[in-house]
């Protein structure tokens, strides 16, 4: 299932110059992500998870090391519209309806009117939001907004999906539900997914690979493979195997954590 | 350990009149909370957890049924300053230092200057924030702010502590830490605590009683007793007993959950 | 690094403005030079024309150095008690501005408190506060002078301050209403769980929460007060003050007086805003605010 | 306790308050025998208004329609265009914004005599004053508004590899609308005042500023008040119109959502 | 001493030299008066000031005073130091206006604020409409200066022989390039700077007595100013609070003013009055006043003062 690396980072470094001096957000980060992998990033606040994802998406410029996406630079990959990015907050535009929000990338990429409508219909169905296309974002609950933003990232069918704590603001049940759906989508489409989360069970449940990170300086402390098959019922979470991996992640986390 | 009911709700009803028609936020809610109990409320978004807590605190007026706190009406109990309330966001006043924030209820209740200082010192110690009294809220991390807001609710030593998702915005590690501390405080002071959360492990770990709620209309679907002793190390969460209770809560939740 | 290049950018922009200004002077003052030459039957060369456009007493657009010279003369070369000193006139306008500013703050804050505390006042007064700003003050000014005179105010200071206050109360009112209403339901509920009284809620929550809004409004209010003081000097027969200077320069056919007064008013505005910003910074620091 | 008051109350109360003030005014004028040359009674003003609608209309056309509205439209367009141009160049933004902020705070009415000198005594000079007066508030507000879209919203556009124009039209302008309308509301009231003041420095024999200054000299104070009423009315309508359009355009902004 | 407040029609300048001389030379003091002279300005209407109680006596032009009287403000002329009118229209020669017949189709600058009446009645005499058009004149409300002529926004502008005319000259246009039309020469002159009080006050003997002494001292000031124009101009300059007046300008103005006050001892000449009234009444469709005024002047004060 793992193929040629789609994303390859070698000794990646990123230092922010701030008024309080330099912040070493990423230090010596090396990681290869194969085609079709589902990689979770977990770690305490400020360990550079977001920064790493942003580097991949060419939203941030590394200060050292090398990084390629599909064999080219992230900037080129971005121009080629290689990825969909889902931010932590839904970030829907409040002046557009849900359908128009999902159309936004399609308009920009110049899809035809009919194609736009077709795709909107498809992804709305995919995230269980049929019938809500005409509503404005603030008329939907937080969970529905988050789903809409995922639909927006799926609409143009990029090969790589980068998701920065997409379920952070949701309650456990909704989260479980979306986890299942995301997993199904991944299994069906074979997309490569980078996924940031704070939840240990979520990371273990979803991933083929869990990257544990640690702050000051931001670095990778552990990479854990998750051996479960692509189809995972929710109750694998109560298996001893699952709990063992979770425990290993928790330990890795606690080691990297300071006093608060 | 359970004593005469401190909070007693019988067939409580609350309907909000909104422009879209009435919203049945609480229907037929009956619950007795004894002195010294730690009761968690869990349930999907919109099931009335906050509303129920607000009714107890006399911030909302029930439209039916009866509700007594310490044997009197919530309004009278509020006037008698019977409870401390901790909101989901820390809600510290940015123009006051941490110490002055904690003093706020004391000023309003007319404590003497010396008494105020003494109590501020005590509660700051209690939540591990000695030395931070002179700082402004934005100079503290989210977890520290949340602890300060708990200190504020503890300062005037009310017998009842109502907490509405106090740890919702924190990451798992910080959360674990605060959970331990809250538990220690509860064991030491014997306060009655009402606690809203979205996290199943948190609810199971903290409570003597878990109230599972369900929306439309908001009602109680299950009340689960948690048999652990007051002193609970974090790793009881990996015991089969714990997992069994968690599973029961999860099932109760899933039943009450609609399609979102 | 950014500080230096910001300065360069500003200087570049200012230099560009000055260059445009010089070009404008030549273009706009040319007609008069040509007319005069025609009347005298001469035909001046290009350099003569340009030189002549830089030195006119009654230029349509005096050259920057002419205005600067007049300003320098009016500010530094005159005793400040002299009637020709721009400092003297500036101080008179400043006095009316400050009284008006204070009046505007008092009226604005009081009205805002009234409006926030009383639903009735909110509904009845707020529309009129907006309408009041659509009335041309210039039309009211002479009547305010006559009325305050009839009520026994001897000098023009009172009507000028009233006009300045009339313009400056509005931004304060709008911001204060916003500020006093800024506490959210949760913050209000917190105080209710303490059983706080209405007045405690006001003093401990609403008022402190409104202070950032208050200070933010002061910059607009002081600028409005200055406009008020100057407008108050136009149609009221004032003979001292920067507004009166503009008018007198215009009346006596001495546009340089007018231009100098205009720029003196600009300098005064800058000083006022700089001062208010300083006060705001100090207040924010005292309240433990964070610097952006 | 938190429900919004009825339409009736929303209109009735301010109206009632206005009527009360008029009543007190009428009583004061009659009770203290205030000469009409100082303060005419509301009834006298109303009578004058009714008798002079033709003149008031001519003045309205001259000052409001020709002077203020033309100036407002040109000033707003210029302000918007300048803001978008400046926004493109970080250098200009850095250099021009402080200058524009400074100029926005200046007592710009002072340029009225200059504009009359440059653009003649008819409405063009009034429009010119209005253009300069409204240009800076619009410029400053639009620039602030163009910064209003969040980093995340802009990053989203970058992940789509959207062009500058696409980002401008689909994200930054819509996000800037609440700010732009803020500037528009300020400008709407400034425009009338600017047009009227400028008429004091030279005008044809029509226009509200002309009429006001002339009638003061003729002791026609009732006519002055009739003009004030026209001005307040047009100002309020203009402001209300802007507020209405704002409601329609920025319906999505939390401050505009109801309930 | 009795207090008297005098409201002038315009800013401090030699136009009002008589009053400043009387003040400076102590003529008012001699009459046991404590006089306050309030300068006017472009937006000061003396009629409104006196109506508001801001002055006891005002300097005003007769057309404005009579118009105010018809509007219900009972002003009475108690003295008339100015015998002749200093008003004229000044045109650029290059605009080809050589006689009043050439006015139609041109733009003319006119002062308003109570100063428009003489112009309006002159145009009524000439039967020229003032609403523009090919056979009418376009009227421009002239600001406070002579720019409209210099900038060629108007063919002709209103000037006073003693003031604005010289501003045009000072701006560098030679008299040869100008054509002037004096109201006096056109037979439409109306009386200018006179002293006016409220009719009601004249019923009060004490007030009347004050006015007698005031007019007496003022006329003494005027005659002194006529005889010593340079000194009078310097006195005026001393009282100028704006600091914008210049010595040459004021001396020249005093010289011109002396020509206008010459021939008046302060008493209103009923013939001049009648000529003014007739001019104003004859205003065609829109006369300045509509009925012959009654009791708009009195000789009581000057009779007593000049004895």
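Letters A, B, C, D and E mark the chains as written, and numbering starts fresh at 1 in each.
The working rule: contacts are C-beta pairs under 8 Å (C-beta built on N, C-alpha and C of every residue); 3 or more make two chains touch, one makes a residue touch a chain.
From a predicted model like this one, the values you see are computed outputs, not experimental measurements.
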Message: Just to be sure I understand the contacts, which chains border both subunit E and subunit A?
response: D
Statement: Greatest number of touching C-beta pairs links chains C-D
Message: I need the rotation angle between the copies subunit A and subunit B from a CA superposition, between 0 and 180°, in steps of 5.
response: 175
Field: Centroid spacing, where centroids are CA-atom means, of subunit D and subunit E in whole angstrom
entry: 39
- line: CA centroids of subunit A and subunit C: separation to the nearest Å works out as 52
- prompt: Roughly how far is subunit A from subunit B, going centre to centre by Cα mean, in whole Å?
  reply: 33
- prompt: In whole angstrom, what separates the CA-based centres of subunit C and subunit E?
  reply: 36
Message: Quick check on subunit C: which residues sit in contact with 2+ other chains?
response: 60, 142, 146-147, 150, 234-235, 247, 250
Task: Quick one: which residues in subunit A touch 2 or more of the other chains?
output: none
- request: Return the residues of subunit D touching two or more other chains; collapse runs of consecutive numbers into ranges.
  value: 38, 113, 117, 200-201, 213, 216, 221
Message: Can you tell me which positions in subunit D touch subunit C when the two form their complex?
response: 5, 9-10, 13-14, 16-18, 38-39, 91-92, 94-96, 98-99, 102, 105-107, 109-111, 113-114, 117-118, 189, 192-193, 196-197, 200-201, 208-209, 212-213, 216, 221, 224, 227-228, 231-232, 234-236, 238-239
Query: Which residues of subunit A touch subunit D in the complex?
result: 54, 57-59, 78-81, 83-85, 87, 89, 91, 93-95, 104-105, 107-109, 136, 138, 156
Message: Quick check on the complex: what are the subunit D residues that touch subunit A?
response: 150, 152-153, 155-163, 166, 170-171, 174-175, 177, 250-254, 257
Message: Quick check on the complex: what are the subunit C residues that touch subunit E?
response: 32, 36, 39, 57-58, 60, 82-84, 142, 146-147, 149-150, 234-240, 244, 247-254, 257
- prompt: Contact residues on subunit B for subunit A in the complex?
  reply: 44-46, 141, 143-144, 171-174, 177, 198-200, 238, 243, 247, 253-254, 257, 259-260
